[in-house]
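Presented sequentially are two complexes of subunit A, the first with subunit B as partner and the second with subunit C.
Now for the complex of A and B:
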């Protein structure tokens, strides 16, 4: 006895069962047709609308990943390259140098590089950034708001429902098409 | 350098006085003389679209294999290896997302929100297991579902749950299902994702509540077969309904033969084996018939009462909705009942939107929750009524059988059956000839 055999006895119950099954198969066919028609050509992913984000800090603590997928990015053409960067230095730096006690970032994720007098370039080391938005807040308050948060898609799992989106008080999480997965403040120019 | 310490507070003061707006270029970007060019903002790409087709193909292959092992080959070992594979692929590699159970919500939301764009993977994960169930029974649960897999593998010392308790706890799945569909339809929350107890194992990270829930379930699951599957899983509501009409199914003995030794009843850790009706069972007595009539007449009453009771869920349930929560907070703040702002109310106020439309949409959502509560209640009442009627209809069974809707097609019962063991022995000796 290898083959599964169909229940051979024909009873009222089995006829009913066959009938209902056929009905289910047909209606499932219809349902699949409808649902597939609701699928759009493109998949969507989660992203932060930087103009809505209020730098609340929830990004750092609410991602399903231990180290949030939301991280700070720098919009270089917007940056003032300030010597006194309010996103980099805390409110009372003892010196304008890279001493850890002067930095605002809790993990030292911002790299400050001298460009030319009196300008400095500020770059985020994403392996260190935890997405706490401290620098974002202060850059926005006193600088050019060139630092902002974005969901980094090399890390994000694209959860069915993003748990930061649920916790975001500013409703800043949006779904964007996969082919255009970032909401940059200034679009990258095509090379 | 102390001068800096003085400059910054002044800046802060200035900023707060002038109320600078967002994205104002306070310091124009410099004209560099050293030939410095602006670096580009890096934009690492998301996982390729093509991978979701791979997932769907793997799902289809796994379902086919599960049907082959569990129904055609009657091979528990095959099911077991498939379980491990599914745990590794859908669990640890795909990190448990997207899954068939969660896809209920995507499908529901798509039905209620015309603007929602449904992911193809969600459609496939929702429909494929149901199609397979119509033909082969719950083979998805047997060896494909990663949530089932992780529980199946920790089950080391199964104990039987008393049948009445098993039945009563089983009602939870309907409540969970109904609530999840309601929240998804309202666009308020995906609670199945939020409280997925095992996803934190798959991702090896997660919130403390969910990890605790998962650990508890796994510990219980060492002794009680698949507690999430039996008493919580919302998808099982659909699988049970579809399984009831499946074309083929697990038969304990080969070809459904049975010597009534009752060893399979102990072998099944999921309470899925039904006893044969005794040969000398009396024909449906007058009392039974009366009970059936009574339950059928009572059914509309049960449904109505349950629906009415369900409408009371509106107040707590509407709290799941962001708009409702925000509106209530703003109202409290306006009334002076609470002090200060929270982030959400602050950002709402900063946006300068008037409160009236917010209150209006919150009121509308609350109203919809009242309707939703009635429907949810009626659905639960309907399930209760159906169960009562079902149990009062006498069925004649001539053998120990795997129940169509409760059997998870895991294949544990096969080898407990003496007829099956005989068949295997014959097969083996045949292959030596």
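Now for the complex of A and C:
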């Protein structure tokens, strides 16, 4: 014979008791979730260490994207604003103007703007930059090394296995915390 | 023609021309895909021919300009050439983007046409409509023919237009591939017998904690040195277990300054080499946070007999040859794991398999990788719908072929070992998983720490949660150690020292025994004995019988033991926190 079922009454006390229990359970759940989130490893993203980069040009050809996520950036506090910028002009310019025959950049991505004699401002048009690092190489060779490459995070897919990192001969591709996604040269001078 | 008739007309037209459109769309897709592949190869192998010619011309003209700096005509030519060169370059970039959309459109048309063609074949013959206009029917046939011809022309024209891409240097890529193929050594990987004779990964052959010998050393004494062939200092801390191949023993270690691999002689314990793993492309510039209990090198190495592989807490995966030369290294990204990364590596043929579980079940960050042992290139990879875990994969020989079986939250998944293709999956696992699975009677036996054990038949496909779970029993399930089985019985050992024995067939418990010790290393089965090493360095041996029968405890030494021991013929290798031991008869 089946055991008679105990009748369950909903009383004010039981509602209150259940409410308090639920509150504690939810609080414990919330606290656990918070603690777990605190011990999560911080997200990392790819970035180029500009002090290790040797301007080999692999960034332009090894990115999984058609147009590389590595772009040249200009550190304006470091720039000499030179009239003869070795990152802008080829080795033997016929004149110090923006004629194509004088420019080093294969896609004309560096914009030269007159400031006051003898100073010029050099800005990167990222839509044209292909990350070939020619300007970086020559800026470093004869200038202040204010032009350098950085992975632009609005483009980078943050691949688990970055193709450029694998091809980088200088091990300059590193993972950096997402909270500090860029390695700005002015802030990261080698000791 | 009213709207209804017009609709009927187009439907008839579509019906009669679907098959032909499918054929044309297929040709179109192949052409577009071919052009895209051609374009990709061009980008990979250097400048396409036209750009290269322009570049050469540019270089020549610039050289001339140096000699004749005032030649305005030459400057003008250079500027025109520069513009053309840039246009060529950006056109090539845009080509890929356009091509993808064109290919997508072609595939959609192909699928629709195929669907219609298949549907048409299934249809019963239509009844002739009495009042159907024969003239309109004839018109529809003509229109259908014209539509096919017209669409063929349009599609082919589109494909040919795409073909006006700059020239490509395909031969160089294939030549290079041939050269690499010629230079590469013959593919060799160890035989089953060699794998059985060695201890090539965490928990030995297959990763199930069973040694393929009948006997192993039974007595030793840390104090007097009896039964200890050699001992040598552990040079860097690490929670990984030693692995053995032939006369070499490998293990890894790390601290905040270095990550290293160690190679010892199994004969006398001599350190043959120690190698820092060096710079790894993509390794984080700042050390990720480490949970002390897990450490930097919780993952046990693996070897295929030619190279050894190790993975570290920051996602750096490295391969070294037996002489200590680094073969390749890569970083898989810092694993997003609550407790840190602890899954061990395994080899399958000449590939190294990495169960890279991280994050949460729905974020698609967990991946099962197979890397080519020689080059480190990805042979296959399968995204896993699971969260981070500590478990290691096992290689199981089942009636349906060799499978890699994995346990993570919430899925137990079986994969084809040679391709990574998912075979079956069962949703049942909760969080905080450490014990790895074992295989018995064609069933994967899995553990939910502190809660239950279950057996899943491995011959299913798709989601087998409802159909292939053979049994599920609540029990004293270990939270760290993995189970061990002789095919008929299963033994579970908890951290708190509870050993329980169950039937493989049903999961029914046969006995439970409390031991006055704590265990983190996993038990190993040798012949008719199960070896269990406690945290304090004592070894317990229990007979593989349905009734509890224990041999005399073997006092070890004052060592803290977390790693699982490695067994080879007549020897046991134990990693303590201070020394590495070789036990056996001298």
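One rule holds in what follows: the second predicted complex is superposed on the first by the 145 of 191 C-alpha atoms of A that agree within 3 Å, B and C clash if a C-alpha of one lies under 4 Å from a C-alpha of the other, contacts with A are read in each partner's own complex, and residues count from 1 in each chain.
What we mean here is this: contacts are C-beta pairs under 8 Å (C-beta built on N, C-alpha and C of every residue); 3 or more make two chains touch, one makes a residue touch a chain.
Treat the numbers as computed from the prediction; the structure is a model and nothing was measured.
When the two structures are aligned on the shared chain, A:66 is found in touch with subunit B and with subunit C. Once the two complexes are overlaid on the shared chain, A:178 sits against subunit B while remaining clear of subunit C.
With both complexes placed on chain A, subunit A has more residues touched by B than by the other of subunit B and subunit C. In the superposition on chain A, contact of A:80 is made with subunit B only, not with subunit C.
Judged by the touch definition given at the top, the superposed model places A:92 against both subunit B and subunit C. Touch criterion met: A:43 reaches subunit B and subunit C at once.
Contact with both subunit B and subunit C is seen for A:160 once the two complexes are overlaid on the shared chain. The contact surfaces that subunit B and subunit C form on subunit A in the two complexes overlap at residues 36, 39-40, 42-44, 66, 92, 94-95, 160-161, 166, 171, 175. Contact residues of subunit A toward subunit B in the complex are 1-7, 17, 20-21, 24-25, 28, 31-32, 35-36, 38-40, 42-45, 51-52, 54, 56, 58, 64-66, 73-82, 84, 86, 89, 91-96, 115-116, 119, 121, 123, 140-145, 152-154, 156-161, 163, 166, 169-171, 175, 178, 181-182, 184-186, 188-189. The residues of subunit B lying in touch with subunit A in their complex are 1-2, 4-5, 7-9, 11-12, 15, 20, 22-30, 32-34, 36, 38-47, 49, 52, 71-72, 95, 97-98, 102-103, 105-107, 110, 116-120, 122-123, 126-127, 130-131, 134, 189-190, 193-194, 199-200, 203, 205-207, 242, 244-248, 251, 254-256, 322, 342-344, 346-347, 350, 423.
Of all the residues in subunit C, the ones that touch subunit A in their complex are 43-44, 61-62, 65-66, 69-70, 74-75, 78-79, 82-83, 85-86, 89-90, 93, 96-97, 279-286, 288-289, 291, 330-339, 356, 365, 367, 378. Subunit A meets subunit C in the complex at residues 36, 39-44, 46, 49, 61, 66-67, 90, 92, 94-95, 99-101, 103, 106-108, 130, 160-162, 165-166, 168, 171, 173-177.
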